[in-house]
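Here come two complexes built around chain A, the first alongside chain B, the second alongside chain C.
Now for the complex of A and B:
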């Protein structure tokens, strides 16, 4: 019996070996290599010559004021884009979940930002935000809200907001679609029962509908958070992390350290910090998910 | 509370799901809306509840017009076919939910922050006692802290009833509440609902396609087909004096046998070579000599004797279903018998008490309980009713 089981186990290992090897080669090795790099002083100029320096890259990073700013900016960017995308996506999903003429068209249209390549989005918005010729300033000043020349991307106080705006516009269709699918899985009879029990409009939404899609929202927040930690092209193309580090998130900083300052070791250390942050978010997700499963009497 | 529907119609585009329904139910009526699927019975119930708008017509509850009101303002309870328990709440919170909604202010509905206030309302003595006494009355007091997911079908059904009870509504609406239960539990819950009806003394409106539920629970049955009322009456009236052939065929299992006959003088002849039966006076008054009629006989009014002595009409046994206390006998008459429902059912049925030893292929003789037959117009399908009969039946059935 036992040897039989062992034989089956061996067969199973043979079965999954190709996938494991492939993952080890394309995922495992780069991760390990990146972690190793973070303990060296490797330079982009001579990537094959490296000296082990222990935790020096990390201590240097955390002693830099600029890195602390980077962490704060990353947190603001991640939180802002996740909340924005979930709230806007939920609103869009609720609208699309209702019956109205032209619903199919709206459902198709709403996907446009998601389907547009990031580079195209960034270039279009650079022009929209342009202080002198941009359509945004033109529109706002023609209705008298501003008088000309707002530096949407070049004013340190506005840049993060502008970048967030573009990011949310780009990613909310994804959350809208995911949440729409979840909304359609909430039985209509639950909302009807709540109406009979005395819940009205907003209360039906918060008492019945949102708890019904709670777990989808959790997964969505997990994905959006991790993606926002690694989003690079959009920010780089809009602001290059500027002005004065106002939009300098972790990955932008990583790129700057590695490929502008040629300090691969330090860039790798930033990468490790981001990696740990993603793991931390995932752990929090599992904790919350387990707790709500226990509450619902599943465990 | 009384319920009065006047000309209630529900139109989805050109399709009339409910077509000009008028009925009134008394203070302590158990009204069963009965009909095949697509007959509009659920839509009608949902209109009474306020879950569907009324296209035209009016609905009054206790003399107050409600058809433009929100569901909660009508003070009704609704038990859903799927129970519609809130899966993220405990049994206690499910039952308390209507009370919490009564007492919660707008901002108590905010996510996260609101949960503190809702818990506080749940713990208020009056709410707590009400929830616990309702739970005790339906045997759920041991399960208050559990989630619906962990309950059995019957327990979930009881939670749904508890949530309906807690608000002390004036009218109970139930949409096929037993159809998701297995046969044995269904019998048990049927008795419980009947008991509940007796204890509460309130008006119930109950939707089902199951005629057994209608016959056993109702004080008033409303038979619907294609959105129209076919007949309103007590279970006994509906069974013994069906208003038309639809009701005759829909109620009863197996359904009423229907034959084609022709009036000959004061009697009616069932086809060539068939029996000549008595024609009641009220039918004679409404028909001319020589008229074609449809004659309906319940299976228990079809009397079967083995052999061929010539005392009845000769026939052959085509099928036998022994159910224990009774036996259903499928019957094929001579080839000349013209059948009203010839295409959908080739055989007629008789119901015999006890365990019959008849076999398919046996020769038998058939007679009829002539004073218990129904007669329908072939053109309209309507019964040649004797108004006096139906009135007396009503008087008998109502307590």
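Now for the complex of A and C:
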């Protein structure tokens, strides 16, 4: 029995070996190389000449006030975009899950932001947000909500909100699709039974539907969080991390250090911090997942 | 293929080659050498077409050299070149601004030109000496550009104003233009264009008599520097400028008659006239409205990549660019900006197409050009640029006083300079 199991294990290892080797080459090596760079003073101008500097890049980073601001901004951006995308995605999924005329058209249309290239989205929103000629200011002043040009991308108090708005608009269709698939796996009979027992719409949602798709939401939150830490193009094209670092997330800081200031070592140190943050999020996810699995088992 | 069949295959191959004839064989042996030439002007309307035509003309006269045009937009140009050249690759011939050039030479990206080109025969201007490092000529001047006041003659005469010659006159004209419902002035007021912000604010700082650095020591909190930043902030806060505008936006607004004045490099009049021919006779160029008489300059150099495998062909292309024919074409392409050689302009290729030329030359004569590269800190220019841009953002968007913002910027600049 044991030797049979060993043979199966060996076969399994052979089966997954190509994938493991591929991942080691295209993921593992760059990660290790990045970690190594973070302990050196490598410059973009001469990446093959570097000196080991120990923890100097990390101590320099954490001694900077601006890096602490960057960490806070990253947290705000990641939290805001994940909550926004999940809530809006859930609302869209609930709508799309219902039966109504034109449902197929709505499902197709809701995907448009997800399918639009990020560069195009950023350029369009730069125009929408333009203080003097943007359609947003025009619309808001037409109905008397604002007086004069609001600097959506250049006011430090508004820039993060504006960037979050664009991000959520861009990514919520992904949440909607994932959650729609999950909603369709919730047995309709459970919801019907709840309604027969007198439960109303919101109660059905919170007591039956949401618990039914809880695991999907958790996975979705995990992915969206990690992607938020890595999102670059939208923020860079909209604000380049400004004004006054108001939208300066980790990855924007990494790009500036690496490709504007040519300090690859420092950029790699920021990358390592981001990598550790991703691992932390994953650990939290597994902890929550395990706990809920245990609770489900007890129940 | 089995070894026995090999002679038959070889015979068939030779037979086909014989049928194709000697011309085919000659063409194969004389296939052109390919070199890459990177310039941001390829991406620009007006200048892009002219640069394409110039390169095509070279290839017509040199069938043994094929040039692949590498078009990278200006905001990404420096980073793209640094990334590629740092890896031992990159285009064979490329441009770089004077703020990035010393860094690139220091990193070994440029090949000395002395042994590749007959430099003494080129009739080079003295500005080319800026590209001599440790006695070696690493690049040649592509264009020596300066920043001057570009204005809409029609808008200024509509309020009965003459071109402002001082900051006080500028404020007066700006107020009257605002009353007419026109933006008096424009500069980059978006954090998405920090590199360009540096050039904009440099003119105001130099106009007030300030300098970014002296003998390798930053002077970001010098009184004249603070005054220049404060003046620019005052213009912004008074509502004389379109807020949140990038360069492309305000330049378009200028050619649509919505902005009356801006300070920019002297390639702009030609670009604007190409975008809107109706503007051609309305464009005026004058010295900046500041007493000091100092204005910012931006010299662009062209050189040969030290990693190039075809340096000889690259040098041949460079020699063509610095011939009288190539230089006249460049002069026209750059809209009358000084090129790298002393040109005979008896047959000015711009002719009547650039009615602003006379004013432009007078403006250049009346001012002293000062590089935007902090003196003695060329290797740190990009980091200092980031510090300055953030300080300007603090003043414009956060209400911080110019004094406080520049004091903090000075601390950061000193730390960078000391690294």
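Note that the second predicted complex is superposed on the first by the 279 of 299 C-alpha atoms of A that agree within 3 Å, B and C clash if a C-alpha of one lies under 4 Å from a C-alpha of the other, contacts with A are read in each partner's own complex, and residues count from 1 in each chain.
Going forward, a contact is a pair of C-beta atoms (placed from the backbone, for glycine too) under 8 Å apart; a residue touches a chain by one contact, two chains touch by 3 or more.
If you're wondering where the values come from, they're calculated on a predicted model, not measured in any experiment.
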Combined model on chain A where chain B meets chain C, clash or fit: fit
Taking CA centres, what is the chain B/chain A/chain C angle in steps of 10 degrees? 150
Quick one: classify A:132 as touching chain B (first), chain C (second), both or neither. second
Touching A:44 in the superposition: chain B (first), chain C (second), both, neither? second
After superposition on the shared chain, which partner residues are touched by A:189: those of chain B (first), chain C (second), both, or neither? first
Check the residue A:200 against both partner chains and state whether it touches chain B (first), chain C (second), both, or neither. first
More residues of chain A are touched by which chain, chain B or chain C? C
Figure out whether A:208 sits in contact with chain B (first) or chain C (second), or with both, or with neither. first
Check the superposed model and tell me the shortest C-alpha distance between chain B and chain C, rounded to whole Å. 39
Residue numbers of chain A touching chain C in their complex, please. 43-48, 126, 129-132, 149, 151-156, 159, 237-245, 256, 259-262
Which chain C residues qualify as touching chain A in the complex? 79, 82-83, 85-88, 103-104, 106-109, 189-194, 242-246, 249, 382-383, 386, 389-390, 393-394, 396-398
Which part of chain B faces chain A closely enough to touch in the complex? 49-51, 70-72, 76-78, 80-82, 84, 86-88, 97-98, 101-102, 104, 106, 109-111, 114, 146-147, 149-150, 163, 167
Chain A contacts chain B in the complex at 187, 189-190, 192-200, 202-203, 206-208, 210-212, 214, 295-298
